[in-house]
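Below you'll find the structure, written out as structure tokens, and then a few comments.
Read from first to last, the chains carry the letters A, B, C, D, E and F; within each, the first residue is number 1.
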Amino acid sequence: MPVKSVCAVVCRPPVGSRDSWEIMRFSMGLLAGDLDYRLVFAGDGVYHVLEDLPPKTPEGRDSVQRLLEDSLDFDVEVYAVEEDLAARGLQPRDVAARVEVIPARRVAELIRQADATYFV
Amino acid sequence: MAALFILLKAAPEEEQHVRFARNLAQAAAAQGHSVTLFALGEGVYNLAAGLGGQHGDYGISLDGQGAVRVLYCHYNAEQRAVAERIPQGFESSATSQAGILVARSDRFVTISA
Amino acid sequence: MAILMISALPPGDGERRARLVSLARDLADGGSVQLLLYGDGVFNLVAGSRAAGELAAGPLELYAVADDVAARGLDGRLIPEARPVDYDRVVQLVLEAERTVTGV
Amino acid sequence: MAILMISALPPGDGERRARLVSLARDLADGGSVQLLLYGDGVFNLVAGSRAAGELAAGPLELYAVADDVAARGLDGRLIPEARPVDYDRVVQLVLEAERTVTGV
Amino acid sequence: MAALFILLKAAPEEEQHVRFARNLAQAAAAQGHSVTLFALGEGVYNLAAGLGGQHGDYGISLDGQGAVRVLYCHYNAEQRAVAERIPQGFESSATSQAGILVARSDRFVTISA
Amino acid sequence: MPVKSVCAVVCRPPVGSRDSWEIMRFSMGLLAGDLDYRLVFAGDGVYHVLEDLPPKTPEGRDSVQRLLEDSLDFDVEVYAVEEDLAARGLQPRDVAARVEVIPARRVAELIRQADATYFV
């Protein structure tokens, strides 16, 4: 049975390395296959959804903020884990618009709904 | 027979991941399954010709014995200036094509450092 | 529902392992969760280690890539719950699973 | 003795941070220990975070590369103990230290 | 004036480390200190010509504005088949030379992913 | 004042990545500068000193075991942290000859004695 749904769980921080940028870019490609794709930010990944994250890096290229906006514009459901935000001193008001803050136990539900989940 | 899509996002330096991807791909292909391996990010370095140098102790060969279809993200290969060093047997591709191929696969596993 | 996790998590990263075990607990409800470890991840299964104790306590079927066990000189040193597997068996695990969770 | 630690440790790696703080305690005996954070390491200094609490409780003078703070939208959000520094000051810290500990 | 030796062992992908190494090296050189930057392992990729590709958004330039002496491990560059792609201004070197240069430096810092 | 002494603390596991191999090779070069160089294995790094670690990788290249032997042959002092061994189910009898097992608090002493220390 072909893969129909995919969930990406990003746990790495957003700026220092291109890791998460690359996997978010790849995941956008899944939309070309008409796959149901959801994006979850957990652990250090929650820094991706900071409202104040600058759109450009110091060298002037697009930051992950642009990819997050693109994902949301394509109606990808984007989540951030409440407990991981709190442990990092971040409040719901710090979170970019259209990102849904969820309790940690909801992550397992999202994983159960996806044929394939990958952590980054 | 099933179709398996493997995303490889690990540099040659990260041998454990490259080895696992290669061995999984080859075992599945040997069993008659259809296997696609897509190299993303640092993963494209694994396909560049000449890895190992005169010392020959660096990099794990991904030549698929014909049975594994290997594609790579052209954008990532260009960024790293290795696009022209990737042998013919490997296919230049893009993330949108990857998405279409994932949707045609029965299983999708990522292997990442 | 059969769920297969695949990971090479470093044994020293206790928080990541705790997250994995906790996730496995949440996922196991009404089904089985398998954890396939490869690369340096197989160090997590050494008998007498803190990591092996934590993993064996979780609701996980444990598998280790046999080549990777041998490459680390660990033959005969893993906990009995850990089943060594070759790549043919890895393919089987991947195809039999209804869900895959990678890089966890 | 003045000892300078330089690190980009990810805030989610609590065990590595615990090791760093514990090491700083052992090193501080009779001298000062400075911790310079750069890259994603500056996230450790966000006010209200668990990481910042742990670091501020240790015997550490805390420094953060100002460019990296700005690149993460964190201006004004760090704990007061964290001193933002430019690269000229980083050079000074490196040259004034009697010992350097990197990648910690 | 002091002598500073910086070991860089991080791929271009790991931007935070490359950026820190570059900015530290340039600031020290601008203050008149003698600065040596040695690229090891994945770090040698930072010196390969053409990084960025047509998109220009990959890699942080390590051109030292003349003031920073940049060396790289030839063995690592050969393993990765990039030795012939490293521009003239960067010096081919070995770990033994690095050891001698560290011993002539006042400070030795490593920057690694 | 020139650097005279260096301490490498290896905390990563030994086989899966070339990280520690590379830094151990680099560190051997320090001997050419007549530097006092010490090597400490802590955390997941303690797996480097397993007596039974095979000398070759599956692909047939030298494993870190060879570099460890080389280091010892050049009279580099090599240490492994007792607590980290124990947490990993490893006994002193598992440790390769000539490697000194030390309590964790000794690491700080070694670092205080070195002009430059780096963690891997």
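Rule of thumb we're sticking to: a contact is a pair of C-beta atoms (placed from the backbone, for glycine too) under 8 Å apart; a residue touches a chain by one contact, two chains touch by 3 or more.
None of these values were measured; they are calculated from a predicted model.
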If a chain touches subunit A and subunit D alike, it appears here: C, E
Distance-maximising chain from subunit A - centres being C-alpha averages: F
Remotest chain, subunit D as reference, centres from CA atoms: B
Between subunit E and subunit D, distance of the C-alpha-averaged centres to the nearest whole Å: 24
Subunit C and subunit F, separation of their C-alpha mean positions in angstrom: 27
Length of the line joining the C-alpha centres of subunit A and subunit F, rounded to whole Å: 38
Subunit C: positions in contact with at least two other chains: 8, 12, 39-40, 67-68, 100, 102-103
Multi-chain contact residues (two or more partners), subunit E: 13, 16-17, 19, 41, 57-58, 106-110, 112
Shared-contact residues (touching 2 or more other chains) in subunit A: 15-19, 43, 57-58, 115-116, 118, 120
Chain pairs in mutual contact under the definition given at the outset: A-B, A-C, A-D, A-E, B-C, B-E, B-F, C-D, C-F, D-E, D-F, E-F
Residues on subunit D engaged by subunit E in the complex (per definition of touch): 6, 8, 38-40, 65, 67-68, 86-88, 90-91, 94-95, 97, 100, 102-103
Residue ranges of subunit C touching subunit F (in the complex, touch as defined): 8, 10-12, 39-41, 43, 46-52, 67-68, 70-74, 77
Complex interface listing, subunit B residues touching subunit E: 11-13, 41-42, 45, 48-55, 57-59, 75, 78-81, 83, 85
Partner subunit E, residues of subunit F touching it in the complex: 1-4, 6, 18-19, 22-23, 25-26, 28-35, 115-116, 118, 120
Footprint of subunit C on subunit A - complex, ascending: 43, 105, 107-108, 111-112, 114-120
